[in-house]
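The following pair of complexes shares a single chain, chain A, combined with chain B in the former and chain C in the latter.
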Partner chain A sequence: MTATRRLVFVSGTLALCAWVLVPIYLIALGAFGGRAGAFKWPKEIVPSNASLDALMLFVKIEGVWNAAVNSVIAAGLTMLFSIALGAPAGYALARFSFRGANAFRLLVLLTRAFPLAILALPLTVTFIRIGLYDTPLGVALVHTALALPFAALVTASLFTGIPRELEEAAWVFGCTRLQAFRRIVLPLALPGIAAAAIFAFVISWNEVFAASVLTVRERTLTAYLLTVLAESPLHYRFAGGFILIVPSVLFIFAVRKYLFAMWGVSSK
Partner chain B sequence: MTKSLRYALLAAVAVTTAGIATTGGIGRANAQDLVFLSTQLRPIEEAQKVREMVLKGAPKTTYVVDEPSPFTVRMKAEVEANKHTVSVVGALHGELQPLVPMGALDAIDDVAAKVASRGIPAGLMELGKLGSGKQLYIPWMQATYVMVVKKDALPFLPAGADVNALTYEQLAAWGKAIQEKTGQRRIGFPAGPKGLMARFLQGNLYPSYTASMVTEFRSAEAEKMWGDFKAVWASVNPNSTNYDFMQEPLMAGEVWIAWDHVARVKDALTAAPGDYQVVAPPAGPKGRAYMPVVAGLGIAKGAPDRANAVALIEHLSKPETQVLVAKELGFFPVVNATLPADLPAGVKLLSEGVAKTQNAKDAMVALLPIGLGDKGGEFNKVYFDTFQRIVLRNEPIKATLDAQAGAMRDIMTATKAPCWAPDKASDGACPVK
Partner chain C sequence: MAGIVIDRIAKSFGSVTALQEVSLEIADGEFVALLGPSGCGKTTLLRIMAGLESRSSGRVLIGGRDVSDLKPWERGLAMVFQNYAVFPHMTVYENVAFGLAMQKKPADVIDRQVKKAAALLHIEPYLERYPAKLSGGQRQRVAVARALAVEPAVLLMDEPLSNLDALLRLEMRAELKSVLREAGTTTVYVTHDQTEAMGLADRIAVMYGGKIVQIAPPTQVYARPATTFVGGFVGSPPMNFLPVDSQDGRVTLGGQSIPVPGSGARILGFRGEDVTLAAPADGLALTVRVVEPMGSHTLLTGRIGDAVVRIVAPSSTAVRAGDVVGLRLDPARVVFMDPASGLALDAAA
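Coming up: the complex of A and B.
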């Protein structure tokens, strides 16, 4: 009985791992196998003429580092802004009942209702006029608008999950509202907030259209490289895919604990 | 745990702030460079070659690539805000056209005078006026669409057919023979989301059968054409609706006979030049139509650095630069330049294929749509939808053509675009019979 269960458990685990790992392995094979390797069939388990050429090309492209730095700045700022604005909004939604709270909940999603392609022209004109054009700050502002609804709604559900009684107890013991928030609520909510921040970071990191229309010289990495990836030869696409996958897999592996917090188990 | 998280957040803030400080500096250092914005030569490898090789010897330039739609948005935004970053633009004829009504292009008759001795054909220079009477762009490079044939396919060629002078019936018979003997459908078209299938329909198929692109859209000839093309499609690889660039399926061996833009098959040819032959596209009853593609260089009105912009255009239209572009990037010179004998074998195949196409006895030029402005996408969609309905979904030919002709007429009336070759010149909007 236990042996059968064990077998089912092990084979199930193996199947699930393969589900994730086999595609990643195939991408890696394409990325390292060079131009011919990408088309070879049947695939070799270990590439016979592995080379770093395709990957190195990405690294050597002029301006790629500047673009990477821009991406980090834009994504970092997006993360900061969307938490700085979204978390208070989320707190308000969770703790106070005010007129129009439900409408607000819905309306906050509206920033995602308009396709960026329609907003692009007026946005670009305005950005040029006020000097935000071609700066990572400008890109970050647009990305913040995109990430804000998620930040507000995710943090709202987080704060709802933290019992109000804890906060009230802190007031009883003489904390001010702010102190109670800082000492009691914030530590409990921090993992969840971090997860929401990561989410904002990822939204900004992956966004292409606004980033490419609003910048010329100071492109983000996605706008600089990945828009053209689809038009590149197959082995470059594999290499680009590999470059994209590896950091995000490592990143998610590192923060996996906090990711669960986003789904509302932080206070349990 | 929370503490480490707090440190991590602090570190993120620090990195961001430091980054802003440094890029502020980089931004200023870059600010004197000339910005050359292009919709061509976008793929990473090619853009890299432009930066490293083609721009060598030109004024210090930042080469930026954009897809056509952000390109138009950006140019319009810079005009409206009246602050300019972009000095030189490089784009296809059809992508430069919409910039004219928004006043984004500067008149460059002075540059035209400077490059007059380079031997750019008068017809191309005339195109560069975009119908305005002033020179708005200088032709930069040209290309066209060809058929690539893998040599494995040649033994199956139907009796009496010449691979360099195929007809659509012969193509269908050829594909059928291959399918019968090998069990595989080996003809391929780029009918995927980013493929150029609409250009095949506009520039090759329609004119070859009807000597028209727009006017005869639903004529009896067009009906016969769709019937014939359905016969071809019976031997077309069903994966075609996923193909964007034909070089991949060619290299993978899925497809033996493929139609595409020269730049989109170049990789296959350079990788294994011995395996392929490049031939002219098939002919229909009215001729062997082909669509030349011209890219041009313009200067933005209000360009931050006009003097260097002029110098850059002069550099790019030098015969040496043009030959280099042909050699490395597979776009052909517009100036009078002889391609050297030591061309890479793949590029040589392409240039021969282009020559065969242009010099065929029954060759017929079909121009890229002119004067459609931002309706160019809708125009392409009419052709692609018609193709989808008739060929992929098997809808009745006549009824579909009648319905789609309505959509076509709407576009023509809305844009008031007069006919372009091979349609006969019209007063006012090009009619759809």
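Coming up: the complex of A and C.
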């Protein structure tokens, strides 16, 4: 790489990192700096009087734990459903050539283009009618619809990456289709499937619109914070934001390798 | 132990015909190579035997049992794949033991067979390693050991050596031959490399355009090709072909009179090493264009009329590019083909 190209590459990388990290850092400053820190200007690089007070107080807000539990349930169910439905779809896309496979691939993605806002009212009405309204399960079903395209496409690329001949070898040596899948394909795909599952978890964890519309008392954490924090002091809002960001950032960081694979970028 | 009968197997992919009613009988313990250029249907035929590909019509019998409609896991075969298909998440030991474990053999039997196969292919030092830590040649051995460990009645091999470098290929070829002879396994070996087929097989089935054009022992395929295609495909350099005109059952070439079956236009085929060099006046005149000293012999390339001819001359030859030499053919070793069909004409006929 020439010096100029290197410079462009490094500064581009730094700019992209800053794009993501600076807001997170500012939120963290607000969360740990207390009331004074949230309003202070200019900001300090390292907060002088860092404390966990705001975070501790925040955790004690009534209903936060219940909302967190709802969030975990909804995200857990989303993870389960999207893998249970998405992985077989991904396997089919990867292994069988069928009419309309490409159209299916596109359609799966197009579900994401359908605005949720239009669906919100009919969904609410339907959910009330069948008793899913205001339950984590109801939220999970909508989140599954959001996460499913990714689950199907990520697992499809995973299964495509496992040579067909490995399965054929297993068949020749006495494995039925199911045994070959369990003994050969699944162990090889498992890390990637786990990554897709965690990605589904994060999608659900971060989603706020559907969760707000479809729940009243049994809110998920994002939906709950949105209502509670609107009336809170600024440093509490920062504390809430920080708590929401941290798990998703950690999760995404842990599974980044497999998400790259989805977009055809190889990483070592 | 089992022989194989391929009974009029045909296969088409949509409108493309990959195999047209191929029949083949392979005796118990025999080593047959399916040889042909890419796209001739040899791999498709092998995969149909394994049950990995569906057939359009025909039957496959293994050991007298019709396996045509059985799934691959019900056929009791072993196979070595072109890219080895060694399971990356299992150790070498687990890989070799895989087939036996699937047959639910007791642990001590598995252990004994794995050790035996590993010893045969010299992979004992790597048994506890994962395939990622092995070289291509070692993975190849693991794939063969995995196939031999189940002591299969029939072993199918799909270009198993094509991913190895030349030296390793030579080494593995000799080793495969001795290992398989010892095991007495009926083997079907797919390759596009005619030296592999010549070196390994008891019989070679030369395939072209979805058909078997000749099935015979290697020496016969080499010396008596059934068609011009076989003569041109098998052997390096390929067989030379000259258009000749037969009159009264004889053709005169460079002062030599050679008997020909029938009369009319014929194609005369001869191998580059089946000629003796002579003075230009004493034989068929060849204008040498290129001289390639190969060490063990010298390859002369030139033209007789419009036909390109390659001659294998002794390495001591003093011929230089631009020289004209005379060729004397060995009448017992020439073959004649029909120019329209390309089929060999039997000298006795």
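A few notes on this one:
Keep in mind that, in the parts below, the second predicted complex is superposed on the first by the 194 of 268 C-alpha atoms of A that agree within 3 Å, B and C clash if a C-alpha of one lies under 4 Å from a C-alpha of the other, contacts with A are read in each partner's own complex, and residues count from 1 in each chain.
By our rule, a contact is a pair of C-beta atoms (placed from the backbone, for glycine too) under 8 Å apart; a residue touches a chain by one contact, two chains touch by 3 or more.
Nothing here was measured: the structure is a model prediction, and the numbers come from that model.
Shared-chain residue A:100: touches no atom of chain B or chain C. Between chain B and chain C, more residues of chain A are touched by B.
Once the two complexes are overlaid on the shared chain, A:218 sits against chain B while remaining clear of chain C.
When the shared chain is aligned, no partner comes close enough to touch A:115: not chain B, not chain C. After overlaying the two complexes on the shared chain, residue contacts for A:168 are found with chain C alone; chain B is out of touch. In the superposed model, A:187 makes contact with both chain B and chain C.
In the superposition on chain A, A:176 contacts chain C only, with no contact to chain B.
Of the residues of chain A, those at positions 187 touch chain B in one of the two structures and chain C in the other. Partner chain C is touched in their complex by these residues of chain A: 163, 165-166, 168-176, 179, 184, 187-188. By the touch rule above, chain C contacts chain A in their complex via residues 50-52, 71-73, 75-79, 81-83, 85, 87-89, 98-99, 102-103, 146, 150, 156. Taken together, the chain B residues at the contact with chain A in this complex read 2, 5-6, 8-9, 12-13, 15-16, 19-20, 22-23, 26-27, 30, 33, 35, 37, 42-45, 47-48, 51-52, 62, 64-67, 69-70, 73-74, 76-78, 80-81, 83, 85-86, 194, 244-245, 247-248, 251-253, 267, 271. Within the complex, the chain A residues that touch chain B are 35-36, 39, 41, 57-58, 61-62, 66, 69-70, 72-73, 76-77, 79-80, 117, 120-121, 124-126, 128-129, 133-137, 187, 190-191, 194, 197, 209, 212-213, 216-219, 225, 227-234, 236, 258.
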